[in-house]
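Read from first to last, the chains carry the letters A, B, C and D; within each, the first residue is number 1.
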Amino acid sequence: MKVEYPLILINFKAYAESSGKRAIELAKVAEEVSRNTGVTIAVAPQLTDLALVASQVEIPVFSQHVDSYDPGSRTGHVTLEAVKDAGATGTMVNHSERRVRADEIDVIVKKAKKLNLLTVVCSNTPEVTAAMAALGPNMVAIEPPELIGTGIPVSKAKPEVVLDSVNLVKKVNPEVKVLCGAGITTGEDVEAALKLGTVGVLLASGVVKAKDWKAAIESLVKPIVRKA
Amino acid sequence: MKVEYPLILINFKAYAESSGKRAIELAKVAEEVSRNTGVTIAVAPQLTDLALVASQVEIPVFSQHVDSYDPGSRTGHVTLEAVKDAGATGTMVNHSERRVRADEIDVIVKKAKKLNLLTVVCSNTPEVTAAMAALGPNMVAIEPPELIGTGIPVSKAKPEVVLDSVNLVKKVNPEVKVLCGAGITTGEDVEAALKLGTVGVLLASGVVKAKDWKAAIESLVKPIVRKA
Amino acid sequence: MKVEYPLILINFKAYAESSGKRAIELAKVAEEVSRNTGVTIAVAPQLTDLALVASQVEIPVFSQHVDSYDPGSRTGHVTLEAVKDAGATGTMVNHSERRVRADEIDVIVKKAKKLNLLTVVCSNTPEVTAAMAALGPNMVAIEPPELIGTGIPVSKAKPEVVLDSVNLVKKVNPEVKVLCGAGITTGEDVEAALKLGTVGVLLASGVVKAKDWKAAIESLVKPIVRKA
Amino acid sequence: MKVEYPLILINFKAYAESSGKRAIELAKVAEEVSRNTGVTIAVAPQLTDLALVASQVEIPVFSQHVDSYDPGSRTGHVTLEAVKDAGATGTMVNHSERRVRADEIDVIVKKAKKLNLLTVVCSNTPEVTAAMAALGPNMVAIEPPELIGTGIPVSKAKPEVVLDSVNLVKKVNPEVKVLCGAGITTGEDVEAALKLGTVGVLLASGVVKAKDWKAAIESLVKPIVRKA
């Protein structure tokens, strides 16, 4: 599945609202808006729903987490090969709710390239963003944890965190793209994120907890559509 | 999905042989043998395949692992609610390859009961088996880690470990059933396990790595069918 | 160092008030009160202070935590052998602020016996207390985490948690002694804890954060002295 | 305690040979060689011995590990403040035997600067070395885990790993110094490490397991003395 930028990546987290059958419904809504607008919208359902969701939609599907292990005697762990077999396009890793050690991310990023899977590594400060960029993933997603789930966009509350991150990544590894996360809810937030030099947004509650999923996603893509 | 005893629980681990589409195939073979013989055969596919496999077969499906968290901001974690939404009958937890703390297992076992999900808690020594039984799960699965994947059945190599476990569980919490794991490959191993007072077996490579899945599973259920 | 019951075990946690030189001062105050009253008072200083504190006092010193590893290539870990070499009498393990897996506690308890070190395994619910008792440590310390540091003694707020724990331990392994933790501050709390069938208390802020350490500890031992 | 370069940092690990009283003896031998030669030799004893060793010698003492927490209710954890109170000069962190997450290292490095404690962050590959350098510690110590404890020096077996690390660090954060670890045993190894652009070595078994500690340390400093 091709990923083009700007990218809207919707993290379903472990929310009840986006679990099981509702995961498929939400993914289909995202697919519909993507088809109607041409904007790349990707979804990251819960681990248990990954293969099922990926079998039902034709938009990029990401795993919320992956372990560094090779296939084998690793009960309860998620390998990159399993993510690939599940039909996913890539994987998030190191979300603030599920951190992973740097040496493991190093293994994951290198192996994901061989498997042709995209990697989105989350970070919390400009320094950690630079560190993650040094590992060479496709994207880093900067999310100050104190803003996650607040509805207060980092692009407004702490634009300097995003700007510093973008600048450090340019210096450390200019091939790595930056996503902006934490507090994203509206198209205005997306626009602000893009202006700060990022290639898109990572968000969760702004969509999942919205009463009208379609309206919420349409609002997010509006500034991108307008520009195009 | 009803679970009757004796129970054969097949853990797909993170094996390449039982990942993605092959997970569905293997689950369907297990379903076929179960239907033909009347023996309960359950499968525990990889986390990423859970909902997809559960949607394709009518035998009990178990998660390989679960976290103690409630639904919410828990990216990359597996909640019991997600396991339920995925269509699973229950969950394994505390496999030697993915240990979980006792206080977390306590939360998991209590919540699983409310959600009507079965719990299989793995252990390694008679003492740990007794400890896990004290938490009140439906089943404990005793698996000396040094025998896992060896093809040397614990029921032969260390029958006293199984016997001591069965006896301690009877004392600590007689409602808890005991499964026998590690090194199980043949019907003979299943028979030995049942004779030691367990209600079935937990196995992985003995089936997953077999050249002929159907023959391997049929061999396992044979002593149970004969008895019935 | 001999441990007699009732036992007052003072956990220094990572409090600034009981770190470095102040750890030695506090341990010496505990030693003085113990000598004056004949009541066993033990201290658990921070890991980094363990050998230094043990070299300065003649009361039982406990480690706050221990790992299950044997001596060797285990940088940054705490072995039982190191705890022994540091001059400690025993070790706490599985505090709510530093949980350890049951299979590791199993290894720790068995090895501590060989090394003649005492083990105090913390727990949070009656079920987990029973589970820890099944592993056979010298003591379990029941501490409902929601009461830790509150000054509200568990013996008053949730006496049934302590009673249920004591009863379950009797059933599972009557040789294991029970300490009562969480919210202990006064001699009255100690008395209540002993009445519930425990052999003593585990406390931290009630002493460490007190303005007058000596007065705080003397208050705790008073009901024990009166009885004797 | 002043740290000058080149630096020899001796990690005592959890070896029985360098535990308790033997930790003091080894630290005193290191102190003697340092005094006789003018070369900075630092020691990293086990956590439990930290304050005791620091009270006995006048050479830089490092903690083997530190947690990111502030002082408080953190039983069994090691705070930077405790390391400072113990009289240490700095701390190692993220050793291959005790990894720590990047976001935690970020917190540790920033706080250590405020407390005037030196940080040595371990890494395993050039990419992880660059990532750790992005967090701004005083030193990174590159140690390919497969060579640790082998006696095969990384400077010989994989000089390109050290060179690539040195070059990436220069680019990412030129203020960060690089130590060379894994397999270091002789003065020749130290010399090779310095030639590759590092400022010293981190080693363990090469000294701790040596029959003659003094001879082993003297051999290490010889090429540095010759140069000076």
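What we mean here is this: a residue touches a chain if its C-beta (ideal position, glycine included) is under 8 Å from a C-beta of that chain, and two chains touch if they have at least 3 such contacts.
All figures in this text were calculated on a predicted structure; none of them were measured in a lab.
Student: Could you tell me the least number of steps, going only between chains that touch, from subunit B to subunit D?
Tutor: Counted as steps through touching chains, the separation is 2.
Student: By CA centroid distance, what chain is farthest from subunit C?
Tutor: Relative to subunit C, the chain whose C-alpha centre sits farthest away is A.
Student: Report, in whole Å, the distance between the mean C-alpha point of subunit B and the mean C-alpha point of subunit C.
Tutor: 37
Student: Distance from the CA centroid of subunit A to that of subunit C, rounded to the nearest Å?
Tutor: Going by mean C-alpha positions, subunit A sits 45 Å from subunit C.
Student: Taking each chain's centre as the mean of its CA atoms, how far is subunit C from subunit D in angstrom?
Tutor: Inter-chain centre distance comes to 33 Å.
Student: I need the residues of subunit C touching at least two other chains; which ones are they?
Tutor: Those would be 96.
Student: Would you tell me which residues of subunit B are touching subunit C in their complex?
Tutor: It comes out as residues 94, 96, 99-103, 105-106, 123-125, 127-128, 130-136, 168, 171-172.
Student: Spell out the part of subunit D that touches subunit C in their complex, as residue ranges.
Tutor: Within the complex, subunit D contacts subunit C at residues 11, 13-16, 19-22, 46-52, 55, 63-65, 69, 71-79, 81-88, 92, 95-98, 148-149, 204-205.
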